[in-house]
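What follows is a short report on a single structure.
We just call them A, B, C, D, E, F, G and H in the order they show up, numbering each chain from 1.
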C-alpha cells in the first residue's frame, strides 16, 4: 500500500464510503511491511549517503555491466569489488571514467567526490602480500568520501618501521590495519593510537596460518582494547565501517 | 634520559663543557626509548582521558584493593572487571562510592562524570543470558563518559520486538550488540541503523555453540557491512571501542 | 498505536478534525512496529497453541517460581527444561500438579491435554546414556499434545534390536532419533521409515566424540535423505519441531 | 527365498514331502533377509511414492544416460542432481522432456505430476549466491509433488524485505530456508512462522565462513525452536525432507 | 515368533488346519526380526564367548550391583570399566572374588579363566601417566582369555629402552600400544614387529595435546602400515579388539 | 661392521693380534646399529613375507619404473599404490604381467600367489563412491595372499541390504569396512560379526563431511567394540593390517 | 650382556674354548640393545650434565619425596615442575634447601651451581598473567646453569615499554618469550634481537584464545625468522632448550 | 633527523642561535624513530651478517630479477625461496652463478662463503616426500655459513636406520628434523642427541594429516625436551634459526 492507496483509503473514510471499522481492518491487515519498507529504506539512503556496492565475484562481465547501468541511474557512485579484468574492461567500455585496481579487483565509478569523513582515515598493512586487501579498504574508504593515508609494509618484526610512521598514525581519526601471518600489527598500532582500530586478518601465510585463522584469532585476542575485527580478507568491510566511524 | 638530563646535556653543549661530537654520540646512544616512552605515554594519557581499568579475575581482594588505591591517586575514575563479590565488598569498605554489578562482576568508582560521548551509545542484547556481557559493556561505556541506551532481550526470532525498538536504535551514534547462540542480532541491527555496530559474541548456548564460536563466526560473516567484532564475552572491549567511536 | 488510537485517528479523519494529509503523515510516522507486533504476536499464539516454555538452567528456584506463576495466568500448560531438583521442589510446593523428570531436569504442568498431533510420534534413543535427552524430547512432545512412542537402547551395533522395533517405528508419523557416540542411528532409522526423522546428537561419549561433535557430523552427513538435525543435546528442540510436523 | 519358493516349501510340508523339523530348519536357516528385503522394500516404495534420484557428480554422461534409462523403466519420474551440462545434453537427446537447471545442475524428467503435498512449500534464500542451492531444493520438492513458493534474496540485514514477504511465508505448510555467511535467516523466518523450518547452510562466503561452517553452526544454534538443519549445500536433502513433511 | 510357534504353524499347515496362503501371509507378516534376533544373538554369544561388560561411569554402586547380579546369572565372567571405589567396594561385598584396579577403575569377576588367545598379547605404554589406560587394556585382555605381557614406560625419546624390550615385543602375537603426547610409540613398535598393532591415544598431555587429539592424529598418520587405532583413552576397546585378533 | 669384519676381529682375538681389551673397546664402540639393522631387517623380511610396496603419488613414470625394476630383483611381488595411468602404462610395457586398477590407481605385479591368509577376508563398502578405496584394500589384501570377499554398496540406510549379506560377512575371519559420509557401516557390521573389523573412513561426502573427518570421528566412536580405524582413504593400510590379522 | 660377559666370551675365543663361528652367532643374537642402552645412556648423562627433572602433576607428596630421594643419590640437582604446595612442604621437610615457587609450582634443589651457559639468557613475558610460565622457564634455566635476565610485562600494545628494554634484550645470547592472548611478543622481540628466540604460548586469555591456540598459531606464523616455538604453557621446555642453546 | 641535522641543531645550541628550551622541544618532538631506525638497523646488519632473503612465491620473474639486482648491490649473498623455474632461469641469465634447487624452489647466489657456524648442522628428514622442505633448510643453512650434514629418509618405523645414523647425529651442534605424517622423528632424534633440535612439520600425508596439522601437534607435544618447532613446511625458518644457534 503506497501513499496514493493510503490517501485513497483515508479519503473514502472521510467521505463516508468506508466506515472506520472497515478501515481499521484494512489497515490492520494491509501488508504493513510496505510502509515499513519505504520508511526504513528512506532512512538508509538518507543516512548512509552511500555509494552502491556490487560483489563482483561470480558475476559475468555482462551481468556486472547491466547491474552497474541500473544502479548508476539512481546513484552517482558505484563500487564493484572482486571484479576480474574482463568485467573491468567491459565496464570501462561502457563507463569510461571507470577506475580499475587489479591487485584487489576493485572497480570504481566515482563521480560525487564529496568528502564525508571528518578527518584522515589511515590504512596500514603489514607486508606486501597484504596490499590487495589494504587496497580494497582504501578504494572503499575513498569512494565513501574519505581522505586516506596509506602506509604499507610495517610489520611487527620491524618495530622501528612502525615507530617511523607513528606521527602519521597518530594523526588519523580511525585506522584500518591489515595483516596476515600472526596478525599482530593491530595490537601494536592499537597501543600507539587512541582512536578506533579496525583490524582485517588476511589469508596471507602458509602452514599453520590456516588461511588466515591464525591472524583472525590473534586480532580477536588483541591486548589493545581499541581493536575491533572484520572477516578474513574483508578489506571492503573494514573500509566501510571505518568510513562510518569517520563520518561521525 | 628525562627532560632534566637532556637540559643538562644541552646546557653543557652551550657552555662548551661538552663538544658537539660528544653530544651527538651521547644522544645517539642514549636509551632513546626513554624519550619515546615519555612521548608516547603523554599522548596516550592526553588523548584517551581514560578511566584506569583493572582485570579483576585471578586477583585477591587485597591485591585489588592495593591496585585501586594506587591508581586512584592519579585517576579519578576506576573500573574493575570480573571482580568477585568478596573483592567488591573489600573495595566498598575502602571506597564507599564503589558501585558493584554482580551479573558481570564489574566494580566502578566513578567520580569524574564528564560526558565525552557526543551522542547516545546503545547496548543491545539478544537474550536474558547475554545480559552480564551487555552490562559489562554498559558499565564501561558509562564510566568512559557516555549516555547509554540499554535494550535487552530482542532476539532475531522475534523480529517484531526488534522493530519495536527501531526508533531508539536509529537514534544511537554507535551500537554495541551482544548475542550468543547463532549471533545473528548484529546483522539485523546493522541492517537497520547506519552507524557503526560493535558486535560481541557471548559464550551463551550449548552443544554446537562451542562456547561462543558459533556466534563469533556468525558475526564475522555478517551480511551487514557496518559490523566489527570483538572477542567472545568481551563486553569491556566493546564498550571501550564504542566509547572511542562516540568521542569522535 | 493500538486499535483504540487508530480508531480515534480515523474517526477524526471522518469528522474532519484531522485532514487526510496529516493522517497520512501520522500513519507514516507511527511506530509501525506496534501494529506489526500485535499482528505477528496474534498469529503466533493463534497458530502455535503452544505451551509456554522456560529454560530453567541458571535460574533460581524463586525466579522459576515467579516466572511460572506469571505464565500460568495466560497459559494452561508450562514446560520448564533443565530445572534442578530444588527448583522442581519449589514449583511442586506451589503447583502440586507439577511433574518432575530428574534425568532430563524437565518439569511440567500439564493441564490442557488436548491431542494436537495427528499420529504417533516416536522417540528413539541409542543407549541408556542418551535417555535424558530422549526424555526431554518426549516430555516436550507430550505437553505439545502428542502420543509418544518411546523406544530406548537400540544401537546400530545391534541391528536385530532395531529390526525388532521396525513395526513400531513404521507406525510413527514422525520420528525423533537421539544418539551419541558415532550418531549413526538416525541413518538406520531413516532408511527404515518413510517419514521425517529429527535427529538429536548427544554429548555422550568420550575422547574423539568431542562432546557430541562426532555424532553431530555423522547425522549431518546421513546417507538417509529424510533426516534433519538439531543442536547437540537439544531434546527440547527435537520434540518441538517434531510436534509441529505431527500437527500438520 | 521369494514367495514362490516359500509356497513350494509349505506345499511340500502340507503334502508330507518335507517334515516339520526340516521345514523349521530350512526356514530358520533361510537367508531371512530376503524376506526382510522384500518386505522393507515394498514398504519403502509404497510409502515414499518417490521419484528415483541419482547423484550426478563424478558420473559420465554415458553412465548417467544408462542409469536413467534403467530407472525410467520402473519409475515415471527421475531427478539427477549435480549433473554437468554435457550430461544434461546427452540426457535431453535421449529423453527430450528433460529439464535442466544449470545453476544447481539439477536435471529432471517429470512425467507424473501428481501433487502429493497438502499445502504450499516455501523455499527462501538469503542472497543471490544462495540461489543454486535453493533451486536444487525447489526442483526436488516440485518433482516430489509440491507446489513451491520461491522467495529469493531476503537477507537478515534487510528486515523490511523479510517482512514484505511475511504473508507469503505464513501461508506455507513447511519452509526451506537457504543461507550462507552467518546463516541467520532461518532464525528470523522461524520466529515468523509456526510451521517446521528446514534450514540449509550454504558454502557461500569467504574467510571465516569456513566453507559453510559458520552458517551451519548458526543454524544449529538457532534461537527459534522450529528449525532443523541439513548438511551444507544440501538443497536436495532439504527439499526431500520438506516434501515428506508436506505429505503428512 | 519362536521355534515353538513356528512348529505349531507348520504342523497346522501339515494337518490342513491352516492353508498355504494363510501360512505365507502369516510368515510374511510375522515379525521376522524375532527370527533374526534369535539367530544373530545366538551367533554372537556362540562366537564371542565373551565376558559381559558394563560401562560403570555414571552408574551408582546400587545400579552396578544389580546389573552385575543379573549378568552373573548367565555369564561366569564380568568386567566393569570406569567404576569408582565406592562401586567397587559394594561389588566386593556382594562378590568377594571381585578384583579392583583403582588406576583405571576396572573391576573384574573372573571365574572362567580359559585361555582363548593363541599367543602372547603385549600391552605397551609410553609414560607412567598412560598406565591407567594400559591397565584397562590389560584387564580386558586377561578376562577375555589372554596371557598379557605388560611393558610400561618406553617412550620414543628413549629409543634404547624400546630396543631393550624388542625381544619381548617380537614374541607377541598382537600388540596394544598406549601413548599420549605426540603418540609416536605405535609407529616405532609397528616398525619393529610384524604383527598387528592396536594403538590407543591417551588424553595425557597439556596445551596443544588438545586432550589426546595430537596423539590420535599422530597414530592415524603412522608411517607403519600395521597400525590401527581406537578412540582416545579407550583401553577397553583396544584390549577387546586385540583379544579377538589373538583368538584367530 | 658386517659378518666378515666381525669374523676378522674375532680371528685376530684368537690369534692374539688383538687383545681382549682392545676388542671389547672396538665392539663397544662399533656402530652397533649395523648389527641391529641386519637383525631387525632379517626379522622383518622373514616374518612379513611381504610384497614390496611403493607409494606412486608424486613419482614420475620413469621413477616408478626404475624403483620397480630394482625391487623386483629381490621380491617376486610388487604393489604400487596411487599410480596414474601413464605410470601404469610404462610399467606394463616393462612388465607385461602388470595389472592396473584405474579406480584406485593400484598397479600390481603378482607372481607369487601363495595364500597366507587362513580364512576369508571381507572388504565391504558403503556406497559406489567408496569403491576406489575398497579396491585399494582388496588389491593389497590379495597380493599379500588373501582370498577376498568383496561386498559393495551396503549402506546403513538400507539395513535390508546389509542383512542380505550377513551370511557372507559372518564367514569372514576379518572384515575391512570402507565408508564415507557418516561412517556408520563399521558399527553395523561390527555388531553383526564376532571378528576384528578394520574401518576405513573415506573423504566421500560434501559440506560437513569435512573431507572424511565426519566418517573418521564416527568410526572412532563406534559403539561396536571390535572396530579399529585407519587413516582417511587409507585402503592400503586397512588391507595390510587385515592381512596381518588373517595370517595369524 | 655387560662388559664382564663380553670379556668372558672374548677370552674364551682367545683361549680356543669358543670358536669364532659360535662367537659370531653369540654376538649376533645377544640382546644387542643392552650394549646400545649403555652406550646411549652414557652419552646422554655425559653430554647433558643435566639436573634430574620430575613432572610433579598427579603425583602425591609421598611419591615425589621418594622419587626425589632416589634421584638425589646420583644427581646433585633436582627440579620438580607443577608440584602443589603440600608436595613442596613435604620435600622441604626432607631436603631443607628446597626452594619453592608457588606461582609456577616449581620446586628446586640446587646444589651444584656451576654456570654452563656462556652468556645471559633472557626470559621475557607479556603480561602479569604470563608470569607463572615465565617463572617455570627461569627456574629451569637457572638450575641448568644459566644467568637469567627476567623482564616481565612488556606487551606488544605498549611498544615503548618493549623499546625501553631493548638494550637488555640485545645483550642476551638467547631469549625465551612467553605470551598469551595474541602471542605477538616473540615477533616483536625477534625483530629486535639477532639471536634465537624460543617462544612459549600461554593459555592466558578467554573466548577465542581457545586456551592458548591463538597464541600458538600466532607464534608459529611469526614474521620474524629467528623464532621457534614450544607447547602451550611449556615454560620448562623453553627453559630447557634455551639452556642447551646457551651451552653451545 | 639524521646525523647532519642533529649536528646542525647542536651547533646552533652552542652558538646560541637556538636556546636550550627550543632545542629540548625540537628533540622531544623530532621523529625520534629515525634515530631508532638507524640504531636498530645498524645492530641488525652488524650482528646478523645475513644473506638477504626474498620470498619468491607470487612474484614474477621480472620482479625477482629487479629485487635481486637491488639487494646484490649491498649484500654479497642472496637467497630466494619458493621461486618457480622461470624466475630461476631469468635470474641465472642475469647472474650466472645462480644455483637453483627445483625440489624446494630455492635459488641462491652465494659469493661470500665464510663459515659462520661453529660446528656441524645436521638436517634430517623422515621420508623422501619431506626432502623438498629439508632441502630448503639445507640451502638456507649453507648460505648462512654452515657445514650441513644431510641425512634423508630415516623414519620412526625403521628405528634401525635411525640408529645407523646415530654417530653422525651425535656429532652435530644443532639438528633440524623435518617430518610429515605423524611427525615423530624429532622426538626420537631429540632423545638421542643432547643439542637443540629444530623441528619442521611438513604437509606431507593425506586424510587426517590435515595438511601437516598432525605432524605439527606431534612435534609440539614431543616427549623430548630439547625440541622447538617452526611452522609447517617452513624449511627456511628452521635453517635460519638453526644457523643462529650454530653461530653462538
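We adopt the following convention: a contact is a pair of C-beta atoms (placed from the backbone, for glycine too) under 8 Å apart; a residue touches a chain by one contact, two chains touch by 3 or more.
Since this is a predicted model, take the numbers as computed values, not measurements.
Considering every other chain in turn, the ones in contact with both chain A and chain F prove to be C, D, G, H. Homomeric contact chain C/chain F: same residue numbering on both sides for over half of the interface positions.
Relative to chain C, the most remote chain by averaged C-alpha coordinates is H. Note on interfaces D-E and B-D: more C-beta pairs are in contact across B-D. Per-chain Cα centroids separate chain B from chain H by 40 Å. Centre to centre, using the average C-alpha position, chain C and chain H are separated by 59 Å.
Mean C-alpha position of chain C lies 24 Å from that of chain D.
Among the residues of chain F, those touching two or more other chains are numbered 32-33, 36, 39-40, 159, 163, 166, 192, 207-209, 213, 216, 220-221, 231-232. Working note: touching chain pairs come out as A-B, A-C, A-D, A-G, A-H, B-C, B-D, B-G, B-H, C-D, C-E, C-F, D-E, D-F, E-F, E-G, E-H, F-G, F-H, G-H. For chain A in complex with chain C, the touching residues are 3, 6-7, 10-11, 13-14, 16, 20, 23-24, 27-28, 32-33, 35-36, 38-39. In the complex of the two chains, the chain A residues touching chain D come out as 31-34, 36-37, 39-41, 58, 201, 203, 211-213, 216, 231-234.
On the chain A side of its complex with chain B, the touching residues are 36, 40, 43-44, 47-48, 53, 118-119, 163, 166, 170, 173-174, 192, 194-196, 198, 216, 220-221, 225-232, 236-238, 240-241, 244-246, 248.
Residues of chain B that touch chain D in their complex: 126-127, 155-159, 162-163, 181-184, 187-188, 190-192, 205, 207-210, 213-215, 217-224.
Within the complex formed with chain G, the chain E residues making contact are 129, 159-161, 163-167, 206-209.
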